[in-house]
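Two complexes are shown next, each including chain A; its partner changes from chain B in the first to chain C in the second.
On to the complex of A and B.
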C-alpha cells in the first residue's frame, strides 16, 4: 500500500449473540492505489483483528469479496478507495442476503435461488490438470458469472421480494437456452416463467451496472422474457 | 458437525439462527428504493416509476371518493370545485400531470425493454421519456395554471 495520507472508514459490525449491528470508524493509511480490501485488511492487522471479511484471489476472479462501498456494490479487492468520495467511506455487507458476521454474508441464500434441477454448473475447463481439494469431485463453474452476489444486492426487486430468483439465477437459466447441456428447454422456461421468476424484474438495470464480470444479467433476463413471451403467444389457441 | 457448530457449545444457538438480511436504505425494502446511494439512473427511474404508480393508485381512490360528492348534492359539488380550482390545488394538478406523464411514458419504455426489445437502448429510451415528457409537462403546467 503506497501511503500518501489517511481515509476514514465506517465499517458495518455484527456478531451473533453480541447485540445488534452497528458501525465502527477507523482511520486507515491510504494512497492512490489503495483498495477497499487493502484498507479492511489493514484494519484487521493493525486496529481490530476481530473484523471478519472474506476474500481469496485478490484480482476480481473468485467473487468472494463483494461489499457495498458507500451504497455501491463493489469487489473490495479492486475497488479503489480514491474512487469513493464519502468521508467516512461506508463499507457494508451485500444487501438482500443474510449477514453472517461483519462484512460476510451467507451465500447459501444466493445459490438457493438457482433452479436446482438444471445443469447451470459446468465442468471447469479453465485450469487443466488442477487437482480439486478433498471433498470436491471436480471443479465446476458458472459461465462468466463469478457468483459474487453483487447483482442480487443491487437489485431493487430483490429488496422487496425474498422469493425472487434474482439476476444471477435467471441469467444462468438464459445461458441454458443458448447452450442447453442436456437441460430440458421447456422445463427451464417453466422455471423462469414462475411468478418469482423473470417477469418479476422491473427493468431497474442495476444488476448489469453492478456485475463485475460483464455477464449482462439484465440483458439476459430480457432475452429470457422474450423467449417466454414467444412461447406463451405460441401456446395461445 | 452442522454449519452452525457443535450443539451445546456456547453461542451455538445464536450461530444456528439465520442472520439478519440487510436492505439498502437500512430497513424495509421500500425505503431501499429511495436510497440514492450507489444507484444509477436506471434504479432511480425504477423508484420514481413505483412512487408515481402508488401515487396514481392513491389518487384514483381519492378521485372516486370525491366523485361521490355528486351524490350529496349540487352545492357540495360547487363548494368542492371552489377549493380545487384555487392556485394551491392547481399546483397539485401539475404534480399529478408529472406522475401521469412519467409513469405512462416510462411504462412504455419498461414494457419495450422488459419484453426484450431495444434492451441495449434502454438508456436512450429513458432520455426519450425526458425529451417527450418535459415539454408536455411544461405545456400542461402553463395550461393548468392559466398561462395559456
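On to the complex of A and C.
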C-alpha cells in the first residue's frame, strides 16, 4: 500500500449494554489501492483495538465482510476507499439483519430465511473447451453465491418485512430447481410460492446490483416466478 | 445441544482452522470446551489461505513427512466434509525443459508417500485445461482439490457447537492467569459488550497460529514460531477447473487455484516479526502475475479482483535473512510442562489448513493425557454438519 495521503472515516459504533449506537471519526492513511477493510484494520491496530468487524478471505470469496459504505452495500475487502467520495466516508453495518456490535451483524438471521437445505456445490460450468477430468465421483464446483447478505441489505422489500425470504434464499431455491441434487421440486416450489416468497419481490433489481459475485438474484427470482406461474397458471396476485 | 460428560474444562485460544478442529475433537471426547477468538472465526491465516486441499504432491520431493500427512488428511476430509470441497484434482505441469528433470523424482516421491499419480502428455493436459501454456511438455495428475477456506473450518465450529462447545468470537485474550508455573485461565476482553473478564480452565491451549509466540509469552514461555507471509492474487474469471501447479521445486507464484468464478495465483514467502503488519509488496503482486502467466498465459490480461497477504506459522529457530521456504510445513504440539516446566498450558502450531484435523487429534491426545482422560479420537469418521448449522445452533 503506497500511502499518498489520508482520508476521514465515520464508523458506526455499538457495544451491548453501553447505551445507544453512535459514530466515531478516524483519520486513516490511504493510497490508491487502500480498501475499506485495510482502513478498518488500520483503525483496529493503530487507533482503537475495540472496533469489531468481520473479515476472513480478503478476496470477495467468503462473504463475511459486507458493510454499507456511504449507504451502498460493499464487500469491505474489495471496496476501494478511492471509489467513495464521502468526506468523511461513512461505514455502517448491513441493513435488514440485527447488529451484534459495531459493524458486526448476526448472520443467524440471514440463514433463518433459507429453506432447509442449500448446498454450496454444483456441477461445474467447465471452462470453455475443457474436458473435465474423468474418474472423479462427480466434477463439482462451489456455488457462486457467497452468502454475504449484501442483497438482503439492499432489498427494499426486506426492509419492510422481516418474514420475506429475501433474494439470497430465493436464489438458492431457484438453483435447486436448476439442478435438483435430490431435492423435491414440488417442495421447493411450494416453499418459494408462499406469501413471503417469490411473489413479494417488487423487481427493483437492487439485489442484482449489490451482488458482488454476479449470482443474479433478481433474475433468479424472476425465473422462480415463471416456474410458479407455469404451475399455478392464473394464481399471480 | 449435547452436554459434556467430563467436568474438565479446556480453553482454546484462537479460532482458526486448528482451534476449530480442536474444539470439535475435544467436544466429541466429552470435555467442556470454550474457544475464544479475537475477531470473526478464521480471520487470521485460515480464511486467507490459498484454498488448496493439498494432495501432498507439493512436498513429495523435499518434505515427505508433510506430504504423507497431507494425503492422509485429504482422504479423510473428502469423507467428513463433502460439499465444501470441489472435486477437481490437480495437475503438476512442466512448461520448461528443466522442469522435466523434476518429473521422475516427483512421481517417485509421490509413490513413496502414497499419493496416486497419472502421467499425461502435453497434449492430454491441454485437452483437460485449454488455457494452459501451449508450451506444456508433460503433466502429472494428483488428487489436489479446491477447499472453501471459510466454510470448511466453519463446519468444525458448527459441529463443536452442537456438541456443547462454547464459541466466543470478538473476545481477545489479553493475559494468562499464571501462578507458580501454573496456567489456570485467561483474562479476556469481550468486544461485543466492551467488558473485561476472566475464564478459568484446567488446560489452556494456544492455537493462535502466527500469533502463538505472543500468546506463549503471556505465560513467560517461548515457542519457536516464525510468521512467514505470502502474497496471493485473485484474478476475475475461472481460467482453469483443476488446481494447476508448476512441476518444479516449490517457488513463487507457481500454483493457481480456481475458486468459484475467480482464479487465485500464489504465493511468495518472506519472514516478519509482527503477524498483524504484513503489507502487500507491489513487486510480489507483479511476480504473481508474471509467474502465474507461465502456467496460464491468460492470467497476464485478466483484471485483478484482490491482492492480499497471510502469514504462515512456520516452526523454526530465528535466524536472519532466509525466506521461510526451507522450514518444514509439519506441525508440533508443545506441552509446556515438558519444554518449560509450566503446567496447564499447551501450544499447537505449524502445519497447514489441510492438516487441521490431524493437528487437533495429536493435540487433543496430549490434553487428555494431561487430564487423565481416556477417550479415543472420533474425528476421522464423524461427518461434519453443514456450515450454516453454525448459525442455526445459535438460534
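Heads up, the rule we're going with is that the second predicted complex is superposed on the first by the 207 of 237 C-alpha atoms of A that agree within 3 Å, B and C clash if a C-alpha of one lies under 4 Å from a C-alpha of the other, contacts with A are read in each partner's own complex, and residues count from 1 in each chain.
Convention: contacts are C-beta pairs under 8 Å (C-beta built on N, C-alpha and C of every residue); 3 or more make two chains touch, one makes a residue touch a chain.
Quick caveat: nothing in here was measured; it's all calculated off a predicted structure.
With the two structures laid over each other on chain A, which partner does A:85 touch: chain B (first), chain C (second), both, or neither?
Neither chain B nor chain C is touched by A:85.
With both complexes overlaid on chain A, does A:204 touch chain B (first), chain C (second), both or neither?
First partner only, chain B.
Count the residues of chain A touched by chain B and by chain C, then name the partner with the higher count.
Between chain B and chain C, C touches the greater number of residues in chain A.
So, does A:99 touch the first partner chain B, the second partner chain C, both, or neither?
Touch partner of A:99: chain B, not chain C.
Going by the contact rule set out at the top, does A:16 touch chain B (first), chain C (second), both, or neither?
both
Would you sort A:223 into first (chain B), second (chain C), both or neither based on which partner it touches?
In the superposed model, A:223 contacts chain B only, not chain C.
What part of chain A is shared between its chain B contacts and its chain C contacts?
Shared contact residues on chain A: 16-17, 100-101, 106.
Where on chain A does chain C make contact in their complex?
1-2, 15-18, 33, 45, 49-64, 77-78, 100-102, 104, 106-108, 110-112, 114, 117-121, 124-133, 136-144, 146-147, 213-214
Which residues of chain C touch chain A in the complex?
Result: residues 39-43, 46-48, 51, 83-84, 86-89, 127-131, 141, 146, 148-151, 170, 172, 189, 191-195, 232, 234, 238-242, 258-262, 264, 276-277, 279-280, 282, 305-308, 310, 386-388, 391-392, 394-395 of chain C touch chain A.
If we count contacts the way the header does, which residues on chain B are in touch with chain A in the complex?
Residue list for chain B touching chain A: 11, 13-15, 17-25, 28-30, 32-33, 35-40, 42-43, 45-47, 49-50, 109-110, 113-117, 119-120, 122.
Hey, which residues of chain A end up touching chain B in the complex?
Result: residues 12, 14, 16-17, 21, 68, 70-73, 92-93, 95-101, 105-106, 109, 154, 156, 159-162, 201-206, 209, 218-219, 222-223, 225-227, 229 of chain A touch chain B.
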